[in-house]
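Look at the two complexes coming up: chain A is in both, with chain B in one and chain C in the other.
What follows is the complex of A and B.
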């Protein structure tokens, strides 16, 4: 009986692969911990510092609020202008990288490659490079957000473009419409809502990004983190953090509702 | 046939308050663009741009490996190490949060709702600000970056994991419960096998994001490749800026390709 069941029961899958993966993972983590000087002991010894910091952050200094309203408005303004410029630039780029509109492979592959390269550079790095080029102020921040939004919106839009219905385009071609007419009357109505939704999405991300761009001198509220932390005024830092959180949550909520309506 | 097409086909009805939206949008844009201080570019802007581009095309190859260890490879490895550890920490810490926030695992909507609220709160807190606070607590260095990434990623990973848990098939759970399995056994044998591929895929996805974040942590002194980049920018050493940018682009592209391939095989 027992030999019988053993014959029927399938063999358990080999576990060697799992052990191998686990071993690699452990080595990876161990090397990483050594390289970054991370240890539980250091965390524990830093814990009292952290609690002190939290204690000093509360209660937040509400009177500081008036001083940072202007900086917050500048942050939102930067995000808005950056997203808009990026969205405008994204339209031709997206059209050029969609394989069903720009049929030539020699055109849409290089444009896509360029787009992928742009998207690998994080926004704060872009901002610090633009600060080196244009000097301190919101202008480099806006340019960084423009480039970042261009990469994001153009990628999402060209993916939407590639899934459009070819029917209207064929109908228009058969009645003799030219390329521009096909794009204006056949392509744009199909992707308009998606495009708007992506722009709003990029705006959400940009508001968050703009809030920290000031750390490298690219304008907005981020600058005040350094000011308050440098003078050890943690209760003011707390005000900035809470204000930023509130603004981000409100904009996220409004934008999500709008996007739900669009799609 | 006498009627023209424009009378037969009704025009789509327009919203009567549409103009109000346009006016509001125009007002917002006027406010936004008028507030941008634009008084011409610095006259050096063109020269510096040219210098950075020539730096990218004629990079400082000597910086790739230096005997004293403060070189590009070390910076990139440190960046990777920060993101590996940060992702690992957040993956483990976020699992209880994910079960807390999943509707089908908690007792009621209030409990799971509160879990979702906590996660979205953590998510909106920028990692760079967390890193600033951790630098105050544990001192500048990569460890502050690890902690910041670990804490920040909990927000997004917890939400994605919770969504994954909410989408599982109830069948295996009910089968196990009906045969008298304990709660832990149900979790281990019915829930975990269903969510594990999704969890791993999201973890890899978050790892890709964390590599990008880790490259900027150095800007505020939390370790990684950002530190030499800021120094090179400050010293106007454009060839070095070029090689560092090149290194970052190559590293992120390679990581994205590897992680993307694994994720495709997982799901």
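What follows is the complex of A and C.
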């Protein structure tokens, strides 16, 4: 066993980096907790209140169900229209953001910046702005969801666009296709299933988002949350929550199944 | 006729891809370009339909200069030059038929092709092309359900539907097994002789080059170091092209013998 014949084995890499990362994470968590005054003690002392609230919520007032069916349908319709409009607008935006399709940096960087800006604005704020512009009702809610869907779908789609196989594009160039023909024949077939999946995902999120938009007067079931909570009718709130849960679960399930089929 | 006058390509990092290449390829020739990886085979082929731009010289396809062409004129020249790739470059998620019809887009308006409204004659042409490469029964299958050899035949059908007068094939059999290699090369040869389409193929295997070519061009470091008929392309000349004796993996061997009978 001489060291000459045996190859020198490399030393195992040091674990210092992992310890360091863990330490930083713990410090961040601890400081955040201190600075936001969150403490386990407060959570425990608040527990009885939470239990009281729960007690008041049950049993749910089932008769209230009839009154909110229309509002729930409106919520779903808002989500549907908002998602569709957003998806249509997302197509050109995604194409303009993808660096392998819009090669010019002067074009895709500003578009991406705009997209990031859109996604920074919370949907409730968007809804409030649109309520201020268009007045109360479902229309501002639809616009808020449109903008929100646009941001989400365009972002996910352009990332999918940037991972496509460039081969078919090259082949389309070689047959003498122009820019639009290259996109229609070389790009779209590669991403359309992803795109549909993102649209369904956006729709899922939008149904949940639309349920609270009513809080700022943008139509849908959210209005009833505000009313019942305001009058301390927690058993009615509970009915709304359960109803929303059921709808969201059904839509989630259907959309997940559909997306599995697509990809 | 394809003419290359003094063609050079220098990459932005200063390396020379092609250096002073002069070639004339006549109508109906079956030219095989050989050389080591990095010798500039692919660059040369992609310069001909301008998937790569050259930095010096001029390339003429028939009477027109593709080097100087722009916009729709460039697209029209490209329409006459079909290309076959090592990785097939089909759209995998669409049908075989639509992949073949994609070869027709250069003939129609953007709107018509977006709507997918290809004339009946185009669809007939696509089926004939699929028929010629013996894969017509797969017309409505998705491209990713096909084997590599079948996909390459679809790519050949696309070029046929394109009604190209020149076919460029960049390592068309590099990702295929010996048996399908033979089928694909036979298809290319058949198209070349029956339809008189000028064919230029990049190949790695030198015995394959000798078997199919009417003319062999050897490239080394971006320069033409051999240009002549197959009879002159002896092992010694190949050794010169490669700068070293021929190695075993540069020979495909007897194609059929390597495939077990199932």
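Keep in mind that, in the parts below, the second predicted complex is superposed on the first by the 215 of 263 C-alpha atoms of A that agree within 3 Å, B and C clash if a C-alpha of one lies under 4 Å from a C-alpha of the other, contacts with A are read in each partner's own complex, and residues count from 1 in each chain.
Methods note: a contact is a pair of C-beta atoms (placed from the backbone, for glycine too) under 8 Å apart; a residue touches a chain by one contact, two chains touch by 3 or more.
Everything quoted here is computed from the prediction, not taken from an experiment.
With both structures placed on the common chain, the touch criterion links A:12 to neither chain B nor chain C. In the superposition on chain A, A:185 contacts chain C only, with no contact to chain B.
Touch counts on chain A: comparing chain C and chain B, the chain ahead is B. By the touch criterion defined above, A:193 lies against chain C but remains apart from chain B after alignment on the C-alpha atoms of chain A. In the superposition on chain A, A:103 contacts neither chain B nor chain C. Contacts of A:35 after superposition: chain B is touched, whereas chain C is not reached.
By the document's definition of touching, of the two partners only chain C reaches A:174; chain B does not. Of the residues of chain A, not a single one touches chain B in one of the two structures and chain C in the other. Those residues of chain C that touch chain A in the shared complex are 49, 51, 72, 75-79, 81-83, 85, 87-94, 98, 102-103, 105-106, 110, 113-114, 155, 158, 162, 168.
Only residues 28-29, 31-33, 35-38, 41-42, 45, 48-49, 52, 77-78, 80-82, 84-85, 88, 120-121, 124-126, 128-129, 132-134, 136-139, 141-143, 145-147, 212-213, 215-216, 219-220, 223, 226, 229-230, 233, 236, 241, 245, 248-249, 252-253, 256 of chain B touch chain A when the two sit together in their complex. Only residues 165, 167-168, 170-178, 180-181, 184-186, 189-190, 192-193 of chain A touch chain C when the two sit together in their complex.
The touching residues of chain A, counted against chain B in their complex, run 28-29, 31-33, 35-39, 42-43, 46-47, 49-50, 53, 73-74, 76-77, 80-81, 84, 116-117, 120-122, 124-125, 128-129, 132-135, 137-139, 142, 208, 211-212, 215-216, 225, 229, 241, 244-245, 248-249, 252.
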